[in-house]
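As written, the chains take the letters A, B, C, D and E, and residue 1 is the first residue of each chain.
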Amino acid sequence: MEATTVKAKDTFSGGVHPADNKQLTAHKPTVTAAIPKRAIIPLSQHIGAPTKSIVVIGQEVKKGEKIGETAGFVSAPVHASVSGKVVALGNFPHILGMDIPAVVIESDGKDEWIGGLKENPGYLTLSPDELKKLVADAGIVGMGGATFPTHVKLSPPKEKPIDVVILNGAECEPYLTSDHRLMLEKSKEIVEGLKILMRILNVSKGYIGIESNKPDAIEAMTKAAAGSPEVKVWPVKVKYPQGAEKMLIKAIAGRTVPAGGLPMDVGVVVQNVGTAEAIYNAVRYGRPLVERYVTVTGRGVREPKNFLARIGTPFSQLIEEAGGLTDTAAKVISGGPMMGMSQYTLDVPVIKGTSGITVLPKNEVNTNSYGPCIRCGRCIDACPMKLQPSYLGLYIEKGHYEDAKAYNLMDCFECGSCTFVCPANRPMVHWVKKAKKELAKKKN
Amino acid sequence: MEAPALVQAKEQPKLIVSIGPHMHDEESTAKIMWTVSGALIPASLMSVYYFGMPAVMVILVCLVTSLLAEAGMQWLLKKPITLSDGSAFLTGLLLALNLPANAPLYIPFVGSVVAIMIAKHLFGGLGYNIFNPALVGRAFVLVSFAKIMTTFVAPVTTFMALDAKTTATPLVILKEEGIARLLEIYHTKAALYQDLFVGNRAGSLGETSVAALLLGAAFLLMKRYITWHVPIPFIATVGILTWIFGGHDGLMTGDPLLHMMSGGLILGAFFMATDYVTGPSVRSAQIVFGICAGALTVLIRLKGGYPEGVMFAILLMNCFAPLLDRAMRSRVFGKAEAKGVKK
Amino acid sequence: MKDILKITLPLVAIFVVAGIIMSVTYRYTYPVRYQAEKKEKEEALKEMAPDATDPIKVAGTWSADNKSYEYYQATAGGKPVEYIAETAGKGYSSFIKMLVSLSPDMKIREVKILDMNETPGLGDQVLEKSFLDQFKGKVLSQIVLIKGETKENIQAVSGATYSSRGVTNGVKAAVQLLVDKYGAGIKTAAQEVAK
Amino acid sequence: MWQHVLTIFIASALINNFVFSRYLGLCIFFGVTKRMETAVGMSFTFTAVMLIQAVLNWIIYTYVMVPYHLGFLKIVIFIGTVAAFVQAADTIMKKVAPALYYKLGIYLALIVTNCVILAVPLLNADENYGLFESMALALGSGLGFSLALIIMASIREKLELADVPKSFQGLPISFVLTGLIALAFLGFSGMITL
Amino acid sequence: MSNNVSLGTLFKNGIFGENPVFRLALSLCPAVAVTSGVKNGFLMGVAVLFVMTMTNVTVSLLRNFINPKVRIPSYVFITATWVTVIDLVMSAYQRTVYKEMGLYIMLIVAFAIILSRAEMFASKNKLLPSFVDGVGMGLGFLLALMLLGVFREFLGKGSFWGVQILPVKPLLIMIMPTGGFFAMGLMMGWLNWIDRKFFGGTGASSGGH
């Protein structure tokens, strides 16, 4: 994609500029992936309490039928993404790297929606509470990858009034283009979704933040939002991790989320553009979240593509549809290369938060061992949270977790910028994760 | 419950699993070290041009001893031997550039051994040393062999110069006999500046050619291997303070240009004060580091017993680097506001 | 009350005994130290003026750099054979204390460094005979430090200019003093040389 | 006169730094620099006590010991003064400023048998310094000592993470480190001749 | 420490196992300060040996006589007395050496090692063990100082006890303060290494008083 002529506005300090490689798929219109023969639908696709299965083996289900019931407020129901028969209940590989409970549905090929879906063209006249219930019932979670149940974000405590909603279309993660394509292809729906969000939160200011390296998306969204003066499309600087909530809020609203705080502390709610589209579908057509845009990319697949794929589609199927792995494919990542998670098996399914599958060939995989920290300070410059990752690394390496905590370990959101720039190849993110785990263990 | 193999890819490829990020910048420690070493090549060549064979010998002994000491120490400590990372090579080269050409060869030997074994490996090796190893090596031999280390030879133009004439460095002449004597030797200020710039003067190998050093420094700045935060405040402070206090006829009569181009300032400011390991890593602390090092240099040059203060200034600031880093830690994103909220 | 007594009495006893031990030691070591100090000085002076047969007497005190020093007259059979002055010069990191002896014709006979704390290896080269011997036979006007070759004057030790200057200045001050005091007849001669 | 006082002050803080060139107070220096807070607390306490001791002992030395020729008892008398002072300070602080006592009290106990404190009056007596010179020496030494403690503490925090060879961990490497700092401090030498 | 430890063990402990300088890391100041030459180290060691022994003996003799409430001041006073004695003697008979290290001789009074032996050992033991302990500790100190002195004087001046052995001064830095710290650090590290390697020890105390 051509470098942009769109003028980007404010940004944060720090950050890195990895090669984005988005040209692999950015111009490719989305294709609908085949309905998976067997959809593996994990019962936990979000942050919070896992759902409880409400189906039994052999049960016939329709597309959109609820198969996992919420087990708490911070939770989101799970729905069947295909129509067919439940053939297995058990632990299956999950992108987090472990086996967790999932429902396997064998498709009957009919792809029938469940009956009783209520279409509602006058959705904007519904009350905020009704809208929120629709969102909650549709099992919508943050689709940028955080997978935080959306209705929870939409229920801020009274003492924290919200006055700004931001849609996150920054897509700063290299390689991924699913949000980009979504913005081009479903711009109207996204704007409508934003309006619904604004209505739920009773907010009059809505922004759509897009990195300025996607001028076509900016144009499409601006066009879609033309009739809605309350919605503004906001180009932001191209820099990783511009799409992180706190960084985006800084760039667009000019507000700084306090350390350890949440966006709502400064009156902001951020949602992914994909989430907005899902919300629109849920509210307008009553359809639960059963499919999403997934980019399958990287030089490890033969034909990188953008897919509209059902939740539960195994990675192996999407990769096959993208021409299959190349001979040198060495690493399959769920998500982008910065924050995504590498997979040991292709049996893992697409879940609600899967924005892409990146396959790296051997020569792009860094297998060097790490060396001692030479204190070059690159990580300090790169850290968007203004932490000192070098010190975090040194402390954690030696097992001084408490000292790491004193160096603001808990403010790290593991964007990987430090590890990306480290000349000594030190695995800071790995250590931060480890330290957080150890500290949590100590607490219990 | 066992997971039945319901879905199976045609063949499961062997996949590499690791924790992200899965992309990496092209930089590496070795690349940085070798590039910095490379940036010192012009200065090394100039020193060979001016001091001939003895300079070659000093450089060679430093490099060989440093590498051997590194390998030996790592072998002794049962650590992997990492000569290829270039850090020992760089230390050796920097040390060589800090020695006079006429130094008997045991001096580069002792200096390198001290630099690598004591200043570097006793403290845990690369990344952990508190003081710049090359400067420790130099300070050690300076104190141990004070006389030899403060005797310099004039540049020669024949390669195999064996009995070069000893002479004082411009800074020593300036300190002990005043600017008038310097002008007597060089006739005009312009000629003096020119000789300083090109490197036609007595001094340590790397002290001589400002032009060659600046060339290397510009390359490193361009590659962003070093930043302006340390060297520019360092040199500027020296310039300003020597202008104010450096003159014999009262305040504001000093010659900043002369001071900025003399001694090891350019070498020290761009290549040694910028050492990642022994300097502060927070940007604001780096500026303070540079200013303080500059002030200490001037203090030692004008008031101290030694004619040249760059080495001591950097070593002294090395002591303070952890303190500076600690005191000037950047404020975490959103930290100040967090305090406000609590109130 | 009884307790306090119990604590105090032994303490007082210890104090008294300790006081006695220290006093006795002092009583017996003080003269030794005094004698040693005196002897040291005498020997040093004696070395400076080997021709003197009479005991060397303090002729007066003078001061330089706010510190006071003594000067002496050495005689043999009542006739002055040597004038000696204590002096000091500000060196690199310390005051260099010296003895300077002049023959009756106001030429330097000997310079001896008593005490100094200059940088080892650098400043302490002024202790070397080759440097100090330069002073021998020089008159006041010749005591000028030169960097570089010289026979007429004093050549600084290369690399130890500060310390060399300290010694030279100290010697010069002492010679000046002795010339002022005793060199009435010679002074003019010296001045002529200077011309 | 004042210039001399200033000279003594600077010389005792930097050039003749107690730790780096007079080798005094090493036990404390190595003992309390493992943590920054203790180093800072120690610095305050020591500087204050050194200053007070210098004045107190100067008075005793000048008005009692010199007139009565008791110079040879200076060791006993000085250490007695220090001990008495520390005892008194301990008692008074506990009553008057318990918060301060809680913070600095632990360091007070270390003072009685500490060469840094005792060295100040001994040096003053040796040099026959006047009151202001004595105070300059005490203050300069105190601040120089504090500087040494704080630098050392900050470096040791960094060193704690280093892969120091096993045999050198702890005291040996601290000694080498101190040697290197002393080497750097040589840069100050020659600035002032006392 | 109980009385059933044999005197020989006690003696050996002072010199090796609990060497005040290298093992207990006590009283380090003079170890660096006066060891630029063997002779200085030796004389300092002798002074400490004397004070150590005499203090131990005195405290042991008076242990039933001193009220525990005032024991620390008393011990300090006793130490100060013996330091004064050795100070006066040294200043009279060793003029040149005294000029260099007089201050450190006076500061023996503030040595933690002496007070701690008085408090921990002599005040609880009979005369003979206290004496042996004092001599052992003092000798340990003396040996440590001499070891450092030999090392530093040889490297720094190329001589031994003032007698020039080498024609040159190999590493002048070793007789300077910097070198003192280096020597001490390297020596300690080396002894630790020997201890770990051959005796399975854990190295010296990590510092303190």
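In this section, contacts are C-beta pairs under 8 Å (C-beta built on N, C-alpha and C of every residue); 3 or more make two chains touch, one makes a residue touch a chain.
Given the structure is predicted, the values throughout are model-derived calculations rather than measurements.
Colleague: Go through the assembly and pull out the chains touching subunit D as well as subunit E.
Modeller: B, C
Colleague: Can you tell me the least number of steps between subunit A and subunit E, where a step is a move to a chain it touches?
Modeller: Counted as steps through touching chains, the separation is 2.
Colleague: Any idea whether C-D or B-D has more C-beta pairs in contact?
Modeller: Most C-beta pairs in contact, of the two: B-D.
Colleague: What is the identifier of the chain with the smallest separation between its Cα mean and the overall Cα mean?
Modeller: B
Colleague: Where the centres are mean C-alpha positions, what is the separation of subunit B from subunit C, in Å?
Modeller: About 45 Å, centre to centre.
Colleague: Express in whole angstrom the distance between the two chain centres, defined as the mean CA positions of subunit A and subunit D.
Modeller: 60
Colleague: Measuring from the mean C-alpha position of subunit A to the mean C-alpha position of subunit C, what distance in angstrom results?
Modeller: About 86 Å, centre to centre.
Colleague: Calculate how many whole Å lie between the centre of subunit C and the centre of subunit E, each centre taken as the average of the chain's C-alpha atoms.
Modeller: 35
Colleague: Counting only residues that touch at least 2 other chains, which ones in subunit D make the list?
Modeller: Each of 72-73, 76, 161, 163, 165, 168, 173, 176-177, 180, 183, 186, 189-190 in subunit D touches at least two other chains.
Colleague: Could you check subunit C for residues that touch two or more other chains and list them?
Modeller: 18, 22, 26, 30, 92-93, 119-121, 162, in rising order.
Colleague: Two or more other chains in contact with one residue: find those residues in subunit E.
Modeller: 77, 81, 84, 88, 172-173, 176, 178, 182, 189
Colleague: Okay, what are all the chain pairs that touch?
Modeller: After working through each pair, the chains in contact turn out to be A-B, A-D, B-C, B-D, B-E, C-D, C-E, D-E.
Colleague: Where on subunit E does subunit C make contact in their complex?
Modeller: By the definition above, subunit E touches subunit C via 62, 65-67, 69-70, 74, 77-78, 81, 84-85, 88-89, 91-93, 95, 156, 169, 172, 175-176.
Colleague: Inside the complex, what are the residues of subunit B that reach subunit A?
Modeller: For this pair, the touching residues of subunit B are 1-4, 6-10, 12-25, 27-29, 31-32, 82, 85, 87, 124-128, 276-277, 279, 281-283, 329-335, 337-338, 340-341.
Colleague: Spell out the part of subunit B that touches subunit E in their complex, as residue ranges.
Modeller: Residue list for subunit B touching subunit E: 110, 118, 122, 140, 143-146.
Colleague: Mind pulling up the subunit D residues that touch subunit E in the complex?
Modeller: 20-28, 30-31, 34, 72-76, 79-80, 83, 110, 112-115, 117-119, 122-123, 126, 165-180, 182-183, 186
Colleague: In their complex, what parts of subunit D are in touch with subunit C?
Modeller: 72-73, 76, 189-190, 193-194
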